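What follows is a set of structures for review.
You will see chain A twice below: alongside chain B first, and alongside chain C after that.
Now for the complex of A and B:
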């Protein structure tokens, strides 16, 4: 019942700097290209035109009128309603009416049941809302041009970017309305389907994660534990009754946020691996040792049985009447062990010749739970952000191509961003998507072209050093180009926060909401610029 | 056509529709639900053919509306959707995402409800692979149950496939009764560990009658045999003469497991008797095809003569050929062994011998040497006496192992009493003839002592 990935906090400053550099570079490149092309087509008047249009863009954006935008937004909203967009609710209702048919028999285990139902609702909303807003957004402006309603609009004192913004806000508003109603129905549906789970399973745990390090069987630091043969190497294992340890370093603990009066609750979800049958009626034993990183004071805690694939909640003060260091001296949790918000938790497997598997998210300090509703609606917010991106992309593509092409273009970007982004990333980085610890060999285009006819195994290095260098250089160029292509597609999968909610976690701000917001703003700003210039420079009579 | 008015054209269209409706109704009219169930032919030509050739979905088993809806909704994309689901399933198995895996399995069978191998593969995966991934025995049992329930569901959807009945029986018998956790699983089968849901009773979906797992398995194997007879569909798991033996094999397992659990009373003796009767009077008289015609296993010399006389009185080599094939098939099914074993085991003397050797070993593990020594000696003496009468059993592994275990126990008692092992003692020939197996038996003896 833990996450199968490590949530990484988004570094806003680094992300913003990165974005700014790329934006400036792309803008500069576009400006230079525009100058060159305009010179070739219009002569020396060309660059002047470019400068005039650029200056016009500045003045247009500075003179944005909220009233005009609002008017266009209202118009778009009404049009969308007239186009029977709200019929999507009928599909949604049918899905929920019959969902029981498909899901009731899946599993009676309450933990697993909650996960299935929550995933179903969030994924259904996700996949229903996107096609609706995609079609609306992509056909809006092309239809306006086709039926010439845009001609009437542009004769009014309306700036082109206000047309774009009005469309975006209008479609986003109707999408938002649909989303709000759908999510409310979904929330009620989950609560009605799982009435018995309300208390125990429908929760939003708030974890504080630490960084994980390992010690090997001899107690020496190592990058990771033992691989017991799992194909996915996200978790690694420590051997029981040896010096092997997994050590979590918590650096940002705030005892005032702990449960009750400074109660430290550790929650773990380790995997068990037996190298011999042992006593099958008992689970593997695990022991935590709390360490003060500054004073190196060590406080071993009472051992516990690991219930695999379940939540193992360990309330330190409830399960240890007194806390004693290794010399038997009584110590206080908040005074002697947690210092400046820092704490180390050392984990050992006590069962001889058996193994416990773990990764960073498998142990965390559990703060008081938040309500399930809060987590659920945060997840809906990320869906809303993704929907906004689809609206912006659809409207912008409708500014320079016709409806069907805009639809295909937007759908392509969404599908690649949602389904194939991790694949593209694995090609660029060489990391296998489901197994970041494994590097792909011979994945480059030219490398493969050389290896296939020569029957060279991907695990073997190319003998001929010259060929190897040439292949590697060409592949570097190609992979860099692919890197650029990859960044043209937003990572829509990162908007999917279903895993958090379905596993009973709160959707975190720094790890999930902030990156989604940053991606939305980061991509939408340049897209809106593209839409504005497309509409400003295009000939409206060209249907 | 251009000179026709709009109204004339419309009438023409109506006439065309009416004309086309005639063959459509003739071909495609659906059958009356009541007559379709009773097997009477009604409806259009296609419905008639479907019923006659048993091609309709209802002919295969219960129709699941969700599955049919999915099939219709996906139009021609069922294959693509199925492939995506299988890929998802693989990914979930790799990531140990059991909740999603279970849901995906359900989705797959919605799209492939009559694909026998899908049921087999997924049912096995739940009962064997997924269950083995969990550490707690109760959790493992939960997933074994999921596998059995899955097979049962498959059986409902495809009640003409004998294989699915067999899979239910096999998982109920073998997985519950022979895995590493067999002691716990057999206990859970009669009293589910999920006390909150079942209040100490068995899960009614897997054990509706609250019986022993092998008895439940026997009934499913029996239903598999009956399905072959009623549907005419062949099974594709193993040779038919092996397949047909499974209800009786479950009876042997039932009786044998009772002994393994230390039960040697009348119930156990009766179980062996029933198994013997069914083996010889039901399975033994079943007719099986072989290259020279039809044979059955329970056959005396006189019967063999009669069979040959009926077939060809002039063919002098026929007897040899017939007995060769009967012997051949008997070897494959271990017919003679089980016949002899069940017969011997249903004798009170044998049950007494087992009981004394078992209780002797238990007494030794309790360090009650005097009682252990006496019980073991008595049991070994009775065992030897029976084996003299049924000497064919002496070559069997089970017999040798049981004798060696008892001998290890008795010799330890003697040594603990500071006495020399006498020159003569019961079952001595087993000790002398199996020096290598003595070591293995010793390991097993020690393991059993530790496992107490």
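Now for the complex of A and C:
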């Protein structure tokens, strides 16, 4: 079982710089817009008002009182409990009571059964908790304004952002409590539901991924392997018994973390594609060659059969009594092959006229497993982070629109962020969503508008230089606008770490937890600012 | 009443606008007035005269279209002024799922108030507004009168220097209304400034030192209640009960001095006093009831 996507480590420094640039740009743009609008509405007194409000905001944030925030948090928590929010457990309990009927022994494959159970629990928690907190958060402040209980609060020495923060913390706390209880029940349920023998499948593998490169049938470097007819190509194929190779470059291996502090374990899950039946009883043959990237020392390993849809675990020292280079000289794994944490693994298909398909996550160095519980609760943490984002977004929306509109707005942002973010990303970058290395065919909107009526295909350049320049400029503007729109929606899909846990992987910090945390902080801070200004500049009693 | 100005408005104007920014209504027009420390100041006027709008402008719940407001020396938009202000809205907008103790504790936590002080003050205020028996009941189960009482208690939780009361006696029974007025007078005696708006004229007359009458968003009358109500053309003498012949002699003396006697009568108490007296006696002596005198035999059926 492997991942059907490539986990990419999050670059915190680059991400922070990117965020800072956007924040400064947005703040500057907002300030200029505020100055212009205030001058149009209030005349020359307008800019003074803008400066006064900006300074007021600064002093408000400096004067934040944790005591008042806590009071409002407690109030929100108590309100949610007394409004019988915890009844969501009843739905949860019903689902879990009856799910066992339909899921037990649904598949004989232990890996798949574990995957089904874990996916069911994590997805159920996700889809139960998000609507509950969304509704709570979106209706909190609008209800307060409608029944005017907020008026009694803001006539006390309470700053408007403390109201926003109090509500956010309160809803996040109630959501967190529900999440903790649900996840604990879910964990116990998974363990009880699985038979003793299959319980061993509850693991959290720790992979170290490398970068993948390909050589074609003649041994020349190429961007990708052969497409065997897939419309959406995630895996590239190499042809058997040719010079075609897939080469993984590992650059950050720490042998002290290997199994038994020195055993190199490679795990692969390649896809087979047969161009003829061959010996149907026999799987396709594959061979690894370990390469020292510095000295170019090559150590071919014993070939093995590729079992599709299963984990092919290859313990290098256990399966090769002695390691020898191509000249037959004995070599040592840690001394001669892995140098400065770097290693190349060359993969060849040995079966003639058959093909092996592979993508970056299909081969990794497997470090000692971690506990399933730790991985499970890390996944719960990402659900918690997503829930926090929904709470913040809901509360902030409620600061400037009424409950139903806030609900629709928040739900829209969540759905777009979860479903359409990668599509928007592919439009902006021009890369296909399933493979960032592959450019999309075709061009921009204005280019297409010109080409369709003139019957000009996308491969031909536009003759008229001026038209070409205008079209390209307009397309650039449109792409930049699309870029801005795309950045308004957080990538909620990146919070879904179910795939890791369900496929028996540890939820990695750099690839999953850190980006989720960064997205949460990166979006929540400006949203809170929007909520504060919306509430501060709003006349609560306006008729 | 001191000469220190607690509230100052200058040319305070509020125009409500619609979504497109078009003028909907001019709720308040160039209001300029001062409220002094230690007085009970009444804002009077018919519905829609701008009383509540004025209070909300003072509290920062609305923003003035024109003019300035200063409360306790600070602009209305400064939230720190609220440390010394207590506000009772027209309807007590409280959290319905909290009980009286939780309500006061919550509002107390919004001020810099240690937990023990908060507990003591909560207990005292609940006693003061007469809700000890219902302190654990949720506010949603309260009658309107009880809601007003807990509303007043929350307004006093921070021992404010300035108390703003919007229709404080609305929804209260005569006894509750009397208690509220007694409390307002007591607050004034403690040196607090009270601003109340009401259209119940008798209530205002009972407790206010000065009043402002608003109509159509404009200030029409401003001054001391006694001065405004005094009829300089009439003299009233109150004595203990006089015999009829003495009354005639007094009338003769007055006639000799050219005075016209307009009315000689035994003053009646007002209905509120009678009601309060009756209910309090009933509480003191439960079981005692009024027995109607027997009808003459000829009228009995």
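By our rule, the second predicted complex is superposed on the first by the 477 of 543 C-alpha atoms of A that agree within 3 Å, B and C clash if a C-alpha of one lies under 4 Å from a C-alpha of the other, contacts with A are read in each partner's own complex, and residues count from 1 in each chain.
In this section, a residue touches a chain if its C-beta (ideal position, glycine included) is under 8 Å from a C-beta of that chain, and two chains touch if they have at least 3 such contacts.
In this text, all values refer to a predicted model and were calculated from it rather than measured experimentally.
Asker: Superpose on chain A as described above, then tell me if chain B and chain C fit or clash.
Answerer: Chain B/chain C on chain A - fit side by side.
Asker: Check the residue A:309 against both partner chains and state whether it touches chain B (first), chain C (second), both, or neither.
Answerer: The first partner, chain B, only.
Asker: Tell me the contact category for A:158 with respect to chain B and chain C: first, second, both or neither.
Answerer: Only chain C is touched by A:158; chain B is not.
Asker: Which holds for A:283: it touches chain B only (first), chain C only (second), both, or neither?
Answerer: After superposing on A, A:283 lies in contact with chain B but is clear of chain C.
Asker: In the superposed arrangement, does A:79 touch chain B (first), chain C (second), both or neither?
Answerer: In the superposition, A:79 contacts chain C only.
Asker: Touching A:232, do we find chain B (first), chain C (second), both, or neither?
Answerer: Touch partner of A:232: chain B, not chain C.
Asker: First (chain B), second (chain C), both or neither: which does A:116 touch?
Answerer: first
Asker: Between the C-alpha centres of chain B and chain C, what angle is subtended at chain A's, in steps of 10°?
Answerer: 120
Asker: Quick one: minimum Cα-Cα distance, chain B versus chain C, in the superposed arrangement, integer Å.
Answerer: 23
Asker: Shared contact residues on chain A for chain B and chain C?
Answerer: Touching chain B and chain C on chain A: no residues.
Asker: Would you mind writing out the residues of chain A in touch with chain C in their complex?
Answerer: Listed in rising order, the residues are 41, 56, 60, 67-68, 70-71, 74-75, 78-79, 82-83, 147-159, 539-543.
Asker: Could you list, by residue number, the parts of chain C that touch chain A in their complex?
Answerer: Chain C residues touching chain A: 16, 21, 24-25, 56, 59-63, 77, 79-80, 82-83, 85, 87, 89, 91-95, 97-98, 102, 106-107, 109-112, 154, 158.
Asker: Going by the contact rule set out above, which residues of chain A touch chain B in the complex?
Answerer: 4, 98, 101-103, 105-109, 111-113, 115-116, 119, 231-232, 234, 271-272, 274, 277, 280-281, 283-284, 306-309, 434
Asker: Tell me, which parts of chain B touch chain A in their complex?
Answerer: 65-66, 69, 91, 94-100, 102-103, 106-107, 110, 134-137, 139, 142, 146, 153, 180-181, 184, 197
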